[in-house]
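Below are structures written as structure tokens.
Next come two complexes, and both contain chain A; in the first it sits with chain B, in the second with chain C.
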Partner chain A sequence: MAQIEMRNVQKFFGANQVLKDFHLTIEDGEFVVMLGQSGGGKTTALRAIAGLETITDGKILINGKEVQDKKAADRDIAFVFQSFSLYPHMTVRENIAFPLRAVRMDAAERDSAIKEVAETLQIAQHLDRKPSALSGGDMQRVAIGRALVRRPQALLMDEPLGVLDTELREQMRAEIKRLHIARGSTSVYVTHDQIEAMSLADRIVILHDGVLQQVGSPDDVYLHPTNLFVAKFVGSPVMNIADVHIEGSRVALPGDGAGFQFDETTLSKLQNTGDGVTLGIRPEAVLLSQKKSKGYVEAVTTNIEPLGSHDIVDVRLGDTVMRARTESGFVRGEGAQVWVNLDPSQAHFFDNKTELNLRGGA
Partner chain B sequence: MASDVMTKLDPKSKAAAKGFSDLTIRNLFIIPTIVFLIVFNIFPLLYSLGYSFTDFRASTNNPAKFVGLQNYRDLLSDPFIWKNFSITAKYVLISVTGQVVVGFGLAMLLNRTLPLKGLITTLLLLPMMLSMAVVGLFWKLLYDPNFGIINYFLGLGKFEWLADPDVALWAIAIVDIWMWAPFVMLLSLAGLSAVPKHLYEAAEIDRAGSLYTFFRITLPMVAPILMIAIIFRTMEAFKTFDLAYVLSSQPTTELIAIRLYKMAFQEWQTGMSSAFAYIVLIMVVAITNIYVKYLNKVKAR
Partner chain C sequence: MAGVRTPRETWTNRTAIFAVFVALVIMLTPIYWIAATAFKPRNLATTIPPTVAFTPEVSPFVKLFTKRSQLREQPTQEEYDAAPWWEKMVFDGGEKVVRNRKTGEVRSSGYGDRFKNSLIVSIISTLVAVSMGTLTAYGFSRFKVKGEDDWLFFILSTRMLPPVVVAIPMFLMYRVVGLNDTHMGLIILYTAFNLSFAVWIMKGFIDEIPKEYEEAALVDGYTRMQAFFKVVLPEALTGMAATAVLCFITAWNEYAFALIMTNRNAQTAPPYIPSQVGSGLPDWTVIAAGTLLFLIPVAIFTFLLRNHLLRGMSFGAIRK
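Showing the complex of A and B:
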């Protein structure tokens, strides 16, 4: 087991900088998920830890020892590839045995290690088959088995569920989590799927354009996004975003005269720079009411997505369409009249220029 | 039948105006080829099979006399013929092994990003494009004990490459390797570049050393295409005639093709040489079949 640290890591591909002054400490036994769009640098960061990619500048430490100049083989780290990368000419058993054979482990020890891993991952019945004869899920189990069999310092996974279908993804996600809890191995997992990230991670690391945006627990990044990118990237449906105008304790949407009443102290605490403010509010913080009441603003529904457990209702407020999460069947149909309010405690304000959360991320 | 899948003739075309039908045009293309094949390939093949059971000599007017399997019996019990076979086997082994080692080695060297890679590859392929007889004559000059450049560079003085009975066969094989290693290189290069890069990354992560990676990943992945190169080169090496004939006339370099040539066109033993040719044909087919069986086994993996 291991603690992994990245200090001031820079990585250029030609003139293109894909990692910008990257800092991260991954604690022993922690499950860290790197989340971001494709091309955001998350895979590069992962490959840099593994030693599959050299870094231009900075330090990578495993258990306090600098490894940035060491080859992948000398870092004792396992890697699960998105494409599985099983050896197609070998049976499942030979695939799992490969990392043990490569370091000349003796046969008896090897067989018991393979047996144990195969049982944990429920692939014992496939041991003598070729990878091409397996389903996608089983192939990924074999790939994870090959990674775990030698009890590595850390387990790195690069979108391991990316090529599986939805149902299998959910199942494998649960299995990976279970495996992590059972083994307690330090794990770093890369994905662009925020649901995967939320469900697996002890801590989520959000990257955008090679820059670290936020590191925090799933709750933390969901409830207290540090900037507009994180706010929009995490959560489904996406957070409502609108340019707003603040006058005293009133927050007005464009084209909507009435505006919402906010607690004056909340607004005065904003570190406003005068570059204009964007309001961000999650659908569950957009409150709908069937009747007029204090602080509620009149609006018309434009679309309803019944999702079974809840509905997503679109309401038009001035020039803006806000999405609200309601209990199912709360609004009958489109064009219905409703009253809308915002939960001030869950409202975020972002600076239009810096895109930083003006509530200081708290 | 076949006419169902053919493109219909445009009724406004010139061919239609001349009264040709689809079928006529198809026949115009196919019949000459079939006639050619029958006259120059299939007919001689069957005719020589007939001759192989007679004592016919093309140099005399004596009618052919049927002798049954006598020719085959004589050939297979002739120790000199077996000597030719063992020389050929040795030659095939040296030449093909050399080509695979050199060709695969070159492919490994070229299988990376190199400046001028395209130019280097093209230059390496040049020997393959030359005529066998020309290559033979060139190398005869290069090997020459008096003014040959090989002895000059290796500092071997007046070493007789082609006249030394123990070395001559090796000297011919070296020329064959020089000429055909590029062919193996070309196929190996195709095989090597088809190995997915992520497998090497996986092997690196799995802490496999470079030798272990080579024997457990690279070689098995390239094996099928390498086998095809070996099949081609073995068949060709087995039939080698011109190169050996031009370079040397030692008894130790008398390959079966040369023996066959002498038997047929210098000694005029037409019947006997037909039988000999059939024995060689059966052997080539047999060897090729062994390889193909093995190739299928490799491919099934």
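Showing the complex of A and C:
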């Protein structure tokens, strides 16, 4: 098992910089998920660790040893591809044996290693079949088996569930987590799916345009986003965003100026910035009430999405539409009158210029 | 999907079968003609209208492989009785087999050697062209090559000129370096013809092989070369087979350079066969026999690789 460190890593593809001064330390046995949009640099970062991509500048260390100039074969890490990348001309057994043949492990040892992995992954009955005869989930199990069989220092996975259907994806997600816990291997996982990231990660690394945005536990990135990008990217439905200004002790929305009370400390932080402020608040922190009460502002519902376990209700406050999460059936229909308040502890404010969270984030 | 066909589909289907039948007849008629002529007695070969019913004989093949001369006088009964069955056939045709004066050995017509030359030159040039083409294509497919498009265009441009145009300069250059009338000379020429074709075809096939296969092998502890041989090559075999068939056919059929560049030592079958037309009154049965044998290797080669060939020809046409 291993600790992986990236220091000042820069990567250019031609004039296009895809990793900008990338710093990250992945602890031994940790499950780190790199999350971001496509083209954000997360796959490049993963491939750089694996040695499939050279880096333009900086250092990559595995267990304290510099590996940036070493070949992929000499880094002792395993890689699971989105396309599974099973060799079609080999059986499942040969596929799993392939990395062991590279190190010339003797036959008996090899057989027992294959058997063990196959049993862990419940693919023992498929060992003599060709990959093309397997279902998507089993292909993925074989791909993971091939990666794990030689007990690598670290397991790198590039959107390994990307091509599976939803049900299978949930099932495999659970299996990957179980496997990680059982084996305790250092794992780095790339995805654009925030649910995968939240459910699997010890820590999430959020990348955008090659720049590391935030590193933190799933709770951290959800509750304390460091900047507007993270705030908008994590969470579903997405966080409500609105341009606001400060009127006395209130934070006011544009338009007719519906506003909400905030405490002095928060307000003073907001007043220190000269570039204007954006409010970010998650749907579950938008509070609805059927009757007028203190601090609540009148609003009209414009759309309701009943999702079974809860409803997502769109409410119009002046020119702003906000989405609120309510218990199901809380609002009867569109055009209904409701009163809205914000949970001040869950409100985020972002500087319009730097886009940083003014309440400090993580 | 088996099952119901509309009348219209049935009609289309029948028309298609009929069209295939007509095409087959058109394409196979010359081959039938050659095959029939190869087994005819000489006097029936050029009758008008053509003789369809005849007793097949193998005398054209005997004559194909032996050197013969016109009989000035009939052989004596003793001579005739002493001759083996195949020599009798030649006597019956009004000719006699030429033998070495001292040893009495039958002198060969040279067709066997020409045929062997064809095999040597075609097989070796095909192997070389396909292996070089595959490696080159792999390089272009997987690595950033400066001016890649220009290089590929340059490789393709070697086919933009009819090869015979350069025959005279090639002949002169070959004479200087002593490659005239050698197997090596023809192998180099045919490899050069086929290489550009092999590179382009193989690049198409290798582009279709996901590069993740090699990357998986690379992280699993293999070198680039090992990954190529263990992972890429097995996947590229289909394409290589298809390319090999096409290269082999080109080399096997090549006539012009073989005619100019080779003579006694390395001459291949294509220039030999028509050279028999020119010597005296042509014996069409012998020419047909030579042509028929000449068709066989390509047929066998194509037949052996047919499964690869079918997959290879449709490779890349199907979206997975």
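Methods note: the second predicted complex is superposed on the first by the 355 of 362 C-alpha atoms of A that agree within 3 Å, B and C clash if a C-alpha of one lies under 4 Å from a C-alpha of the other, contacts with A are read in each partner's own complex, and residues count from 1 in each chain.
One rule holds in what follows: contacts are C-beta pairs under 8 Å (C-beta built on N, C-alpha and C of every residue); 3 or more make two chains touch, one makes a residue touch a chain.
Keep in mind it's a predicted model, so treat the numbers as computed, not measured.
Quick check on the chain A-based superposition: chain B and chain C, clash or fit?
By the criteria stated at the top, chain C and chain B clash after superposition.
Under the stated touch criterion, which partner chain does A:W339 make contact with: chain B (first), chain C (second), both, or neither?
neither
Identify the partner contact of A:A73: answer first if only chain B is touched, second if only chain C is, both if each is, neither if none is.
The answer is both, since A:A73 touches chain B and chain C.
After the superposition on A, what does A:S85 contact: first (chain B), second (chain C), both or neither?
Both partners.
Let me test your reading of the model: by the given contact rule, A:F12 touches which partner, first (chain B), second (chain C), both or neither?
neither
Is there a shared patch on chain A that both chain B and chain C touch, and which residues make it up?
Chain A residues touching both partners: 50-52, 71-73, 77-79, 81, 83, 85, 87-89, 98-99, 102-103, 146, 150.
Write out the stretch or stretches of chain A touching chain C in their complex.
It is residues 50-52, 71-73, 75, 77-79, 81, 83, 85, 87-89, 98-99, 102-103, 146, 150 of chain A that touch chain C.
List the residues on chain C that touch chain A in their complex, please.
Contacts found on chain C: 210, 212-213, 215-223, 226, 230-231, 234-235.
Flag every residue of chain B that touches chain A in the complex, lowest number first.
196, 198-199, 201-209, 212, 216-217, 220-221, 301
What residues of chain A sit close enough to touch chain B in their complex?
50-52, 71-73, 76-79, 81, 83, 85-89, 98-99, 101-103, 130, 146-147, 150
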